[in-house]
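Note that the chains are named A, B and C in the order they appear, and that numbering of residues resets to 1 at the start of each chain.
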Amino acid sequence: MTIVPTLKKDYIYKLAGQGKRIDGRAFDEYRPIVIEPGIIRKAEGSARVKIGNTQVVTGIKMDVGEPYPDTPESGVITTSAELIPMASPDFEAGPPQEDAIELARVVDRGIRESEVIKLEELCIEPGEKIWIIFIDIHVIDYDGNLFDCASLASLAALYTTMVPAEKFDLGDDYPLPMRDEPPISCTAAKFNDAVVFDPILDEEEIAEARLTVATDVNGDIRAMQKGLSGGFTVEEVKKVIKGAVVNGREIREKLWDSVKKAKEEKGE
Amino acid sequence: MAGNAEEIKLIDENGRRVDGRKPDELRKIKIEAGVLHRAEGSCYLEWGGNKVVAAVYGPREAIPKHIQDPVKAIVNARYNMAAFSVEDRKKPGPDRRSREISKVTSEALERVIITDLFPRASIDVNIEILDAEAGTRCAGLTAAAVALADAGIPMRDIPVACAAGKIGAEVVDGKVKGGCIVLDLCKEEDNYGNADLPVAIAPRTDEILLLQMDGHLTYEEFEEALELAIKGCHIVSKLQREALLRKYQPDVEENL
Amino acid sequence: MPPPPMRKVVLPGQYLGDSRYLKPGRGTFIEKGKIYAMVLGVFERKGNIVQVIPLKGRYNPVIGDFVIGIIEEAMPSSWLVDINAPYPALLHVSETPWEIEYGDAEKYLKTGDSIMAKVLLIDAERKLQLTLNDRNLYKIRGGHIIDVEPSKVPRIIGKRGSMINLLKRLTRCRIIVGQNGRIWIDGDDENIAKLLLAIRIIEEESVSYGLTDKIERLLKMMT
């Protein structure tokens, strides 16, 4: 474990007390976001997203399989995340630990509960054959805020995914049926009574508590996850939700722009 | 080496391969050094349809203590394919093939890294294949070498890898006939070809650091393939060095 | 193949000269009478000694070096200290100005504390020991610590301190540079922001000529 010098923590706290952050951003400001869909040719869908220096690549693979017994006419999603050793000196090789599992499950819930993928259109033969979507999140550079980066990479990948029907003799390939209103996940961290959005690594390392909120186009809340062992006041939670709605809107636009551009380049 | 060679003409009358290349032509390669923020050294490499990221941490104290070598650093290369990098999704985690490639890669790198400068330490190399299209172990080792130089790891040379192979041979009356030695097999050639020979060298001395063969070659064919692979290695070696200098040698004009 | 001209970036395995006429310095090795670069670095020739100054890599400790360390663990009569080297360093209670009872080490320095220390000795197994027994060595309070590539430290200090004195003068910050790539700074927020920017530029352009002038112009512009 890399030890954070107490001095650094004190300095970040001091700045927070003056309404400042270690990298000069405002409390509700995100780092530059770069979204690049379609970078992996072997995958049915993919995207690389950078938020500041944090970098995540998500790949979508699809296969034909059996439906779950209680949803015989619905496609299936399965999400996994890997915090690979190259992303941080503190990540170890091996099966996913609780951080990777939490990341996968939070991203999965955000996508599943919002029903942004039209799973009901992914039935091939009721009760027998449906499409399975594998969402694989590959974290390659960790500088804070994996939840938002992984979520965004997964959405950008899904919106540019082509169902590989030809491969299974089920007709021509077609775009994965998606709803147009993705909830966007926004994460805030709390330290020394300051609540900041898009925490950079230095801030995450000293954060007492973390809150991720996914909001939709109407400003409604679609998913929430509180992390770390500190606490939030009710007021702080409300502030985070408001900030998540505002930032969510901006990020959703960026997502649309990049997806549109990727589709144009492919000639769809 | 499964597949029916008769169905796919791997090399035509004009000596052009399925992707239009001549027998001694490499696929397109792009190399960029120093691409990650946390890792001490890193490299992004595209080779044909392959997309690879390599990263280095170290030298750092080898943990757990019992794996430490009292006189030198251990080189720990980990080759991994992302689940989405292949045609049929691969379950995450190392399989036997990945572990074998990790081993031969570690051994190749260990030969050029000056490990006795760092007893009890480990040099950790992470190779991730994000998009796979034949020749991933050569692409991976080549990227790892650039990442090691980028990390400031002391080495005797910058290792490089390239594969050669044989395609287009047919079995007629129980005998193998025809076929052609080619450089840098692409996916179809890997699937339907007759032999695959990945080679890694230390380019300054042509010392062989990694050598594997799979398929069927006569002695003469092997000699030809090895020579071709080494030639390919030298071309790629130049690209590695250019990538590092692009990152670290500022514009000459600026200095004057 | 001719050896490279001055101030040129060289790569591992690159030929630098013949050992019949030249002597191998740091960052180089000899093979069959020829001298080669060992690391990615800048080629330098001093008289008939050729050497390579590394551009990247962890801190390589030298006895007597002034370093900024972070306490990793407090043990009954010593501490394990992170100094950004391949190996953690040890600080023994006897090498501090305090009278510490056995088991009380943690009361004086605990995990996360930062210290200005000196490399006391390096044993055959590369194990390091530090000392705090000197006038200018102490436990650090206040300010901020940043990490830079250890190989950039000479550039941040400059010839005979030219760069660091310039930085101190134009940002009015207190700056203490550890050989291990850790820099302690203290000042008002605006000046610290300017200083951080200047340091990042020095890091990125360390191989360029005329860097001191460029930094001076930049800092004057920001005032």
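Methods note: a contact is a pair of C-beta atoms (placed from the backbone, for glycine too) under 8 Å apart; a residue touches a chain by one contact, two chains touch by 3 or more.
Just so you know, these numbers come straight off a predicted model, no measurement behind them.
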Touch graph of the chains shown: is it line, ring, star, complete or other? complete
When A-C and B-C are ranked by contacting C-beta pairs, first place goes to B-C
Whole-Å separation of chain centres (CA-atom averages), chain A against chain B: 32
Averaging over Cα atoms per chain, report the distance between chain A and chain C in Å. 38
How far is the middle of chain B from the middle of chain C, if each middle is the mean of its Cα atoms, in Å? 35
Scan chain B for residues touching two or more other chains and write them down. 60
Which part of chain B faces chain C closely enough to touch in the complex? 40-41, 58-61, 70, 112, 114, 118-121, 149-158, 202-204, 241, 244-245, 248-250, 254-255
Spell out the part of chain A that touches chain B in their complex, as residue ranges. 39-43, 46, 53, 55, 57-61, 63, 80, 82, 84-89, 93, 95-96, 134, 136, 138, 140-143
Provide the residue numbers of chain A that touch chain C in the complex, in ascending order. 2-11, 15, 18, 20, 24
Applying the document's contact rule, which stretches of chain B touch chain A when the two form their complex? 36-39, 42, 49, 51, 53-55, 57, 60, 78, 80, 82-89, 92-94, 124, 126, 128, 130-133
Residues of chain C defined as touching chain A within the complex: 70-72, 82, 111-114, 140, 142-145, 184, 189, 193
